[in-house]
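Chain IDs A, B, C, D, E and F follow the sequence of writing; residue 1 opens each chain.
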């Protein structure tokens, strides 16, 4: 196995893992019962998936094309930084705009806090 | 510039001065300043009389658009010179008359005289022009100045309507004339009337000859108020009386006659020309006379009488045109008489009708009304006017010793001559033409009598009159008196007129051998058919007039509603309403409808073209295999777009459009367009942000279109557009006929120092597009800013609600 | 691709023909996307690499339509922005986004 | 083998995107749709990455970063809209 | 109901700078790689939009007191003037000049062209327009008052 | 290469961009605007002389030779239109000093006018089909803004319709350009002409030509004039007059260019479609002009009639008719603007658009009245006013090429023009004067000067045909011989 082939295999694996994770999170988005759980699937696992993919790509270009891409690193950093914030904002927006939780949810700790606030 | 040009152009130049004279020399009636002009013109024309009567002609040209053969070239021969005399002579008399007729203080004299001079110049232009375009120019100008003059008292609704009617009819006649002119030009290759006439022989063979003739004739008929275009003339009587006398009896209406006479050498000698002109003329003669009898307004009576007399002249010209078709000398002479009668009557008519109009004007001026039902018994109060009326009317009726008698006799002679004609199956008309002529003459006699007796005899009923009648000031009587003198003078010395005036005129109308003859007009020509006809006219006419009260009820049998005049008025009104409702059918104000029309026609046109064309292959070439994921993404695109379409919540639609935008960007990546993908992504996001910003101010979707009547056309149109675009795309893909020019851009590094070809194109090869593009952005940005910030108040509601 | 573009035009046209202003604007957006894709398609799809000179080998994808699309994108953006604002100003004035109610006074 | 892996990855990602679209279509709530859009964005990033590996070109790497930025801004905008109806305030606390 | 945006605001502060840097990179990269004045300008505007989202117009205006309409006009003028420079040099309108430099330090060929100035104008106009539109819409209170 | 060719585009562009920087200094804005138009006119006249001497002038922008870069082409036809549009714009500009409200003046009104003219002039001068699209957009966007500037209800209403229809047609324009590029692989008009000729204009290209025809028909209000009456009656007079004079004419120009330079091989299909459209346009326009009693609407439908009439020139596709059409086009730009300005002045005085509610204005405003009168007759085509010569030649062309029906419709439509304009004149100026000087809503102060200017131009065009004719004839003969244009752009073959 030539070095290139090794790198190719690694890249292929990483990409496959990444895309599989993306697919899984898609299934999550499809199957999970309410917005709050779906947002987990949509942001966390998908982020992981995309990170894997980007890493694979980075390795691919660094290893095979000898091209050390700053942009990719920045991209990874950026997604890492923003994806959770986006998820957080969305969930909060959902909660505040009154989207109901699934029946299966056990507790809603924020409810009391917010209702107290409202009374003030 | 020559004398001739000055004759035509002087009135126009003079007209420019009138407003100043009116304003700054207000003490003197502006008419006095105008008066010298027609007099001078008359004298100048008179100085040419001898030369012209000996057969000489004059031609001068002033260049206007020489490269297209369009010039102001003026030509004088016998025909035009006589018209020139009429225009300037009667013009002078009318100006003199108007000085007394129009009040210096109350009327807008400058307008009046400017229009008048415009008309005079235009009319001179018509008769002297040799170039058809110049002819047309002045022709339309007479219509316009007539329009202005009819509506001189523009505050009156009737004046305006009359003016409008006159203009619509005469100007559309003018358009027809223009079409005829253009046809003549395309046949003959010149605009010169003489040039065209000189090719008359060849032109008669041309396929466009007949259309050209008909177009020209329509123009001429409209102008000279021939049936069925005559309806404008009675309404034109709303003009001040001097104008009626001048334009609507003596000159403008004769422009049509002039045109017919002028074109006789070209069109004459053909059967169509003969039949059209003669029959239209006779119908007009008859119809005008019948209508004149039932009028109660004196001016309307004269108007219909004018129509009738014009018909007479026209029919004579029609008969006379046969002279160009026959070869036998005797026959030629016979028809030449008809032409002679025509021009003779033309002159006579101008004299007696001008006189009558002016007298009627005096009556109107002095009594305040022209209604025969109110007038009566004025003979003793206005003796001079009575005398003048008598002279004019009897001449009109064709009674000796007045000039009308002479021309009427000639008319009978001509109409009788048709019996023996062998050509154009004119003989078939047999006695019909003389019979019509005779009956019409009887009617003429009747209304002439009505004019005299209903006004001056009968009971004097001062209470019905607005003013206390008295004889007119002498100045006002001068002009009609001069004309009346002519009426009598011509009767006693017709041959002076014939020699100097009529012969050259006939010679111009009938060039060649036919026009080469000498005329002798006699008042007494023995006991022949014509004399008996005249006697019949007088006897029967008197009987009819005396029993007038018993049978005038006949006219009420014809319902007033079905007259041509009413057809016109209600036609205009209905047309306007119909136009309004028709336009409102398709101008629904709904943008949707408009877009439907546009796209519908697009589909029909372009789709039809694709459908029926041959050789368009829908083969797909050089497209590599399609990957699975591409299909999936394409499905995604369609699904996203469908979501936008079907979304019931606006936010869903916007999210979906965002998704579609992202997917389009992805397609740009797949299709190797990184720059596009970048731009598309950012633009999409900014657009979405914009949508979100604006959502605050826009309502939620509240309704869904459910009406099937609306849905189905929408669906058809949109599917049609889709199918059209798809098939077009396939066709265009399969038919790349040439290699693209973009191979050139592969050298962009050498040429523009850039490895990114797209960027090189944007910034350099097609940098100009980019420059304009930011301009578009700049306009849009500032536009949005102004739109939001600038909110003007509605100052007036402009009938919004 | 031709079919996708066709469908885009159908949908866009349908939206433009509805009577809600916002839908109409969305319709113009969709037609805009369709037109861009069309322009790209007309340049020939998937022939060669991105139009960047350098490492990759020729042939390249046709760069000219891409440049045109860029221009078109920007112009569409400007127009859409203006139209959107126009629409909401109209809504403010008329209190309606129904095209039927936005007709001239004579049509009411 | 490598090519197959790429093709499989692309199909996976396309399917994920379709699922996201499905979520956008059926909802049920607005935040669901926005999250789906965010997920599509993230999947697109992956997709571009895989594509650039497939095409063996670095031309698309800018897009990855930009996509991240854009998806983030979009989500922020939507979340603010859903939460408050106003996405850009003139002054905080109005 | 007051909502705190601490998380968003903190992230924004960092992210904006990444975006701006990236924008400048894109702007210059455009010559050889995807990018250019347009995209650069658009990305700058998106950074500004993000700031507006996270903070509010007041705050952002205080930090960046810019009249975007003037920026638009200036941008158009700058681009236009690069074109008009050709009048002076008697070459066709909008002719661009370019120079190839060899920069020893980064070991890369650098390429300066007048198109850069042209593109600066483009970027300015793009930023100006986008921000003019966004800010004027957001400022508009409409009928809600 | 001739850099002057760009000046008619750059001068207003530059002025507009400068004006953006200081919107509040109204006097400077006015001054600069006037100067800009004068300068453009000067350069255009200079170019016209050059073209007369040296043949068609071209400018390869950026120095890139013809089919690759964008090329500007100044031939006689386009220069005549540039000059005319400047005169028209100048008239409207001066008119707006008094009539446009100060609020608008401070919201970039003058800049937008400059941008509009940039777009118009650019559309006339460009030799590249995509660049034409971009110029159209510049012009359209400026017109959108001008139409809605001020935000009055009726402006917004008309704006939405106008914008929407134009967006649709712009999209179709992109589509058509895309197809054309796909089939021929080029965007340069001269090059397109060469390639289309080489391919013999197969049916597919004819179909594309029809697509273009529909697009330009929407822009020029040929048959698809539905948007016109409402949108032209919404904005203030100066703006609607500017639109009346320029916008549709740009579409007409595009039709002329496309169907003489590029798609002239299948006149049996394309040009007969144009003939049908022209005929229908005149008929519908005439009916509309007769139908309404609202000044602005009547005048708007008169635009429609004129468009139909001008397009006859291309439908019969014969040199005389084309010459006439160009002549009539120029005349119509001037006179239509003039009529709109005069109509606007009337409306301003009375405060209503309805003819029923006005009367007798000639008493206090004789100059206004007589100018309207002369302008109407110029429009009708009465010699020696400006409309006549064009009408004559077009008529001649139709009759010589056996398009009798078109010729007759043209004449009948003139009758509708006459009827409708005289309706305005008789209702507005004649009749009892109901309005004393004090009751008038605005004064005509400062409004008569631009009208006088335009009427002088119109009179000159009518009487001075011989002076104008060499240029118009040259323009027409160049249009009939695309080879001249091609050679100028691509060099000798």
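We adopt the following convention: a contact is a pair of C-beta atoms (placed from the backbone, for glycine too) under 8 Å apart; a residue touches a chain by one contact, two chains touch by 3 or more.
Predicted, not measured: the structure shown is a model, and the values here were computed from it.
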item	value
A-D or B-C, whichever has more C-beta pairs in contact	B-C
From subunit E, the most remote chain by mean C-alpha position	B
Most remote chain, CA-based centroid, reference being subunit D	B
Centre distance in Å when subunit E and subunit F are each reduced to the mean of their C-alpha atoms	37
Approximate Å spacing (C-alpha centroids) for the pair subunit B, subunit D	70
Distance from subunit F to subunit B - Cα centre to Cα centre, in angstrom	27
Between subunit D and subunit F, centroid-to-centroid distance (C-alpha), Å	48
Junction residues of subunit F - those touching two or more other chains	13, 17, 20, 61-62, 130, 134, 137, 141, 144-145, 148, 151, 153-154, 160-161, 164, 168, 175, 178-179, 181-182, 187, 230
Multi-partner residues of subunit B (each touching 2 or more other chains)	584, 589, 591, 595, 599, 670, 672, 674-675, 677-679, 682-683, 685-686, 689-690, 693-694, 696-697, 725, 729, 732-733, 736, 740-742, 745, 755-756, 758, 762, 764-770, 773-785, 787-789, 799-800
Residues of subunit A engaged with two or more neighbouring chains	71, 74, 78, 82, 85, 89, 96
Subunit F to subunit B touching residues, read off their complex	13, 17, 20, 61-62, 64, 67-70, 101, 103-104, 107-108, 111-112, 115, 118, 122, 130-131, 134-135, 137-138, 141-142, 144-145, 148-154, 160-161, 164-165, 168-169, 172, 175, 178-179, 181-188, 191, 195, 198-199, 202-204, 206-208, 210-211, 213-214, 218, 223-224, 226-227, 229-230, 269, 273, 284, 287-288, 290-292, 351-354, 360, 362, 377, 380, 382-384, 388-389, 392-393, 395-396, 399-400, 407-408, 411-412, 414-415, 418-419, 422, 426, 429-432, 441, 465-466, 469-470, 473
Touching residues on subunit E, where the partner in the complex is subunit B	26, 30-39, 42-43, 45-46, 49, 68-69, 72-73, 75-76, 79-80, 83, 93-94, 96, 98-100, 111, 113, 115, 118-119, 121-122, 125-126, 128-130, 132-134, 136-140, 142
Contact set on subunit E toward subunit D in their complex	2-3, 8, 15, 19, 22, 26, 29, 33-35, 43, 46, 49-50, 52-59, 134, 138-139, 141
Residues of subunit D touching subunit A in the complex	1-2, 5-6, 8-10, 12-13, 15-16, 19-20, 22-23, 29-32, 34-36, 38-39, 42-43, 45-46, 49-50, 52-53, 56, 58, 61-62, 64-65, 68-69, 71-72, 75-76, 78-80, 82-83
Complex contacts: residues of subunit E adjacent to subunit C	32-34, 38, 126, 129, 133, 137, 142-143
